[in-house]
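Two complexes are shown next, each including chain A; its partner changes from chain B in the first to chain C in the second.
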Partner chain A sequence: MAEQVIPTKKMPPGLQVENVDDRIMTLNVGPQHPGSGHMRIIVKIDGDYIVDADPDPGYVHRGEEKMAESRNYITNIPHLERPVIHDSCNILYPYILGVEDLVGIEVPERAKYVRVIAAELNRCIYIQYWLAIYGIFLGHSTMFMWPTGDRELLIDLMEKITGARVTHAYFIPGGVRNDVPANFEDVCLRQVNYFEKRIKEYADIFYDNPILKARTEDTGVLSREDAIRLGTTGSVLRASGVDYDLRIKEPYDVYDELDVHTNVLKEGDSYARSKIPWLDMLESCNIIRQALEKMPKSGSIRKKLKPNPKGRNDEVYHRVESGRGSAGCHIISREKPEPYRLKLSVSSFRNLIALPYLLKGEKLGNMPAVYWSLNYWPVEADR
Partner chain B sequence: MSTSETTPPPKEIPPPKAAPPEKTKPPVPAFEKSYVDQITNQFSDDVEVEYIKENRTRVNVKKEKIAEVAKFIKDNTPFDHAESVTGVDFPEDKEIGVIYHLGSYTDPTYSKQVLALATRVPREENPNPGNDSTKLQSLRDMFYSVEFHEREIFEMLGVYFEGHPDNRRLLLPEDWADLPPLRKDFKNRGR
Partner chain C sequence: MGTATGIIKALNSGIKHLAVKRFTLRYPEQKLKFVGDGYQFDPASGVAIAGLKGRHMLFHDHCTGCQLCAIACEGVAEAIAMVKVPNTWDQNKKSIMPQIDYGKCVFCGLCVDACPFYALYMSNDYELSSFTKEGLIYTPAQLQVKPQVQQDSEIIIDKRGARHG
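And now, the complex of A and B:
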């Protein structure tokens, strides 16, 4: 045993000087490593096995919550979707529902359907992006190319609706910003049908692939009890056998009028966690088709809002099911045009707690399979 | 001349406005009330019901009792995880509020419910996070999922959580030497 350092000596912060064992090696994965995203994971390894993992988020912290306190309810819209630009409709959804609750405004029926369609399209766009990354980090470059290409179909569709490819800022309190173009229903139906046909092919190349199964099955198993105890959400939770989808459990807008099914798997391993979002995309196609059919063919798409609306003296907590899981927004309002305090309770931040738990005892080579299966988006977690 | 000096006729006093019709309060939802009553019956002196709305309830707790109430909720109601923890600065009251949002996965009848468990801790004018009176008992033993949320509140508002094993920085840079940034006296540059 090496001699202890003199206690009075001032050490640089973060330097580990106690309990240093030759067997244990500390590795910094990230924050510039492409395999970790904008996040650092400090892993301690004994040989090839991870004995400790400490996630260190915050490299893309932008202070969205602080910014929101000095902007009014309308100018808050564009920057609040920045945490997840690929899923911008869904991350904005709880905020918009909260503001509508606070200023007391009803949404026209047609706008609700347009919102649901936009949200489901955006969910597919997000999941395709995530799936591409998941594929490439498991060494499957075809799985990077295919979703990236098929994603363009829906991005074009969103561009037709909103005018922007990725950052839409489409939802506003009282409805949506602009109406869908003429003959949108036909174009959307055609694109979505083709998209569904394409993603079904992913099963052959990716999900039934024996190499993928060998790498992901039985790695990073999260039991049902632990998934609940850790408060995980979304695909992580449903892959561990908990049937909890806010579109069904707490339907918002018109989800209660649509026939929504949720996907639950019992295994709780990386394979199940990666399969749930893919099944969700197939379900999204069903929801879009139903919504297109039931949507009123004409009518108002937004209710006019007073300029610079003030919220009432109250607090609201709204949540929706985003592409990664529950996205919540807690707004405390004080009869001013700006929120007094706005808190985004995002699913990536909630699922992060499962990462050290899952990595302990895994082989280092399994780290990408476990990490990316958490459907984690670093920018969202940092806010 | 004389006309200009005449005093203008007294302004007609508008008839007193009819009192606005009394707003009938929406009925208190029974299901939500039932589980809030469980808590208030147990801790009648230490908790105060802020509101009971449809699917959303909030209970304010004295800060000394927060861990006790949380343990009671964990053991006696189906709430099994914390979804979100919000810290709010109230400089006028010289207090910092901490609000835990609890949800339930295990009981399907509770899947819509969110119980907000709120408390307030004293706020220091010149904060020294970790070494001043802004302290609260951690709920990590009861609701494990608050671990990272409490770390975030610690760095963003300076609330030290006693009993939390890991009160380190999470999102902020390691060399952050300013006020906790979500306090109201931390001003955004240019705003």
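And now, the complex of A and C:
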């Protein structure tokens, strides 16, 4: 081993010089590498094998929680959906449920169904985008093109309902902002059915593809015990064999009236973690069809709210199942139009803690397959 | 399933798409069709009407210069400024009307929800790009113009797949 510090050189007092091993090399993956998103993973490699990994998020911290303290309950809506613009309905859902609890307002039945439809459409839109990036991470360009194209079917539906392709600002305390357009049920059913037919084709080209299986099977195995111990949520937890879905365990709005199934795989490897969201999309299509059938054909869509609503002196915590896992919102209210404190509990940040455990002992080439299978969204984790 | 059959199945799945029509929207030539005339709000019922949240439409004969839209925008984007206009409308005592900076606007539509006088709607116009920052600031006179938007294609689903047409 080479001597690190030149003996004749006089070092400043108190300076600790790390004795770096020649075998171990430290690499910075990110924050500008397209394969990492806006975050950095500091990996230490021995040859081709990762011996240590340290995820370093925080490059896109926007202070959403602090911003929320100076805005009232309504003007908080547009900026609180910015952490995940592709899944904006689901990230906003717990906040809206919390404000409804604080203000004490009942939601009309039809609005609850419309919310469920919008949330499930948004879940599919998010997962399609995530799947496209997973495909391009593994060098599968077709898997980038197909989900990005098929996602357009659902974006078109969301545009018809809310008037925006992303960042809808659609949910509001007391219901939703506008009713669905006329003839929406038929259009939605037709496009969702075609979408389901399309995503079933992904099995041939992606999930049953032996090249993908060779890349992802048995890489980054997270055992059932570790998944529970590390506190992971959503698709990561369900890929490790834990049957936990908030839509079933803690049903909100009208999920208890719908027939929802969870998808659970036992393997806990990258392949299982990449397959669970795809199975979730098929389940979402079922939920949308059920909701369209059971939805009251007419009725109120929004309860009128005072212009500047004040919450009662209390604190509430609500959580929902988003496209990545449980998304929670803790609001402390002090009888003012603004929240006293708002905390977003997001699944991306919780799932990230599994990354150092999963990467140890893997080859460096497997890093993208393991990292992106965690269903991680950097902007959401930084908030 | 063996490796060879798996790869052949994957290739076959791609080859089938040679017969499927292209799904892509050819944007400058084709433009999407939207529902309705844009996002509107009915203060009497407190419910909005579905539509695209595009550039705003200001009805000068309804606007009273009450500044509620600017107050609604304060916590969101601060895109709305109230500016002096010629004193032509009786209901507008202060002669002020909103001027919207589309460099800041996030198109959330909360200003439309705030207007109690049916004066501010959103239209289907989404092509707002400009070479200068000043070009993004729309004065009340510009907001009054009803946009002419080409809308000719929507998603068609048939046996040969989905396409825009």
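One rule holds for everything that comes next: the second predicted complex is superposed on the first by the 365 of 383 C-alpha atoms of A that agree within 3 Å, B and C clash if a C-alpha of one lies under 4 Å from a C-alpha of the other, contacts with A are read in each partner's own complex, and residues count from 1 in each chain.
Keep in mind that, in the parts below, contacts are C-beta pairs under 8 Å (C-beta built on N, C-alpha and C of every residue); 3 or more make two chains touch, one makes a residue touch a chain.
Note that the structure is predicted; figures quoted are calculated from it, not measured.
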Touching partner for A:Thr167 - first (chain B), second (chain C), both, neither: second
Partner chain(s) touched by A:Tyr317 [first = chain B, second = chain C, both, neither]: first
First, second, both or neither for A:Ile332, with chain B first and chain C second: first
Contacts of A:Leu352 with chain B and chain C, given as first, second, both or neither: first
Touched partner set for A:Pro78, first chain B, second chain C, both or neither: second
First (chain B), second (chain C), both or neither touched by A:Tyr207: neither
Partner chain in contact with A:Lys66 - chain B first, chain C second, else both or neither: first
Contacts of A:Arg190 with chain B and chain C, given as first, second, both or neither: second
Intersection of the chain A residues that touch chain B with those that touch chain C: 70
In the complex with chain A, residue positions of chain C that touch it: 1-3, 6-7, 9-10, 12-14, 23-25, 32, 34-36, 38-39, 46-53, 72, 74-77, 106-110, 113, 122, 155, 157, 162
Chain B to chain A touching residues, read off their complex: 55-56, 58, 80-84, 86, 88-89, 99, 101, 105-106, 108, 111-112, 114, 116, 143-145, 147-149, 169-174, 181-182, 186, 188, 191
Complex contacts: residues of chain A adjacent to chain B: 13-14, 56-58, 61, 63, 65-67, 70, 228-233, 237, 242, 244, 249-250, 315-317, 319, 326, 328, 330, 332, 340-341, 343, 345, 349-350, 352-353, 382-383
Contacting residues of chain A [partner chain C, same complex]: 70-72, 74-79, 142, 149, 152-153, 156, 159-164, 167, 169, 177-181, 190-191, 194, 201, 204-206, 208-211, 213, 301-302, 304
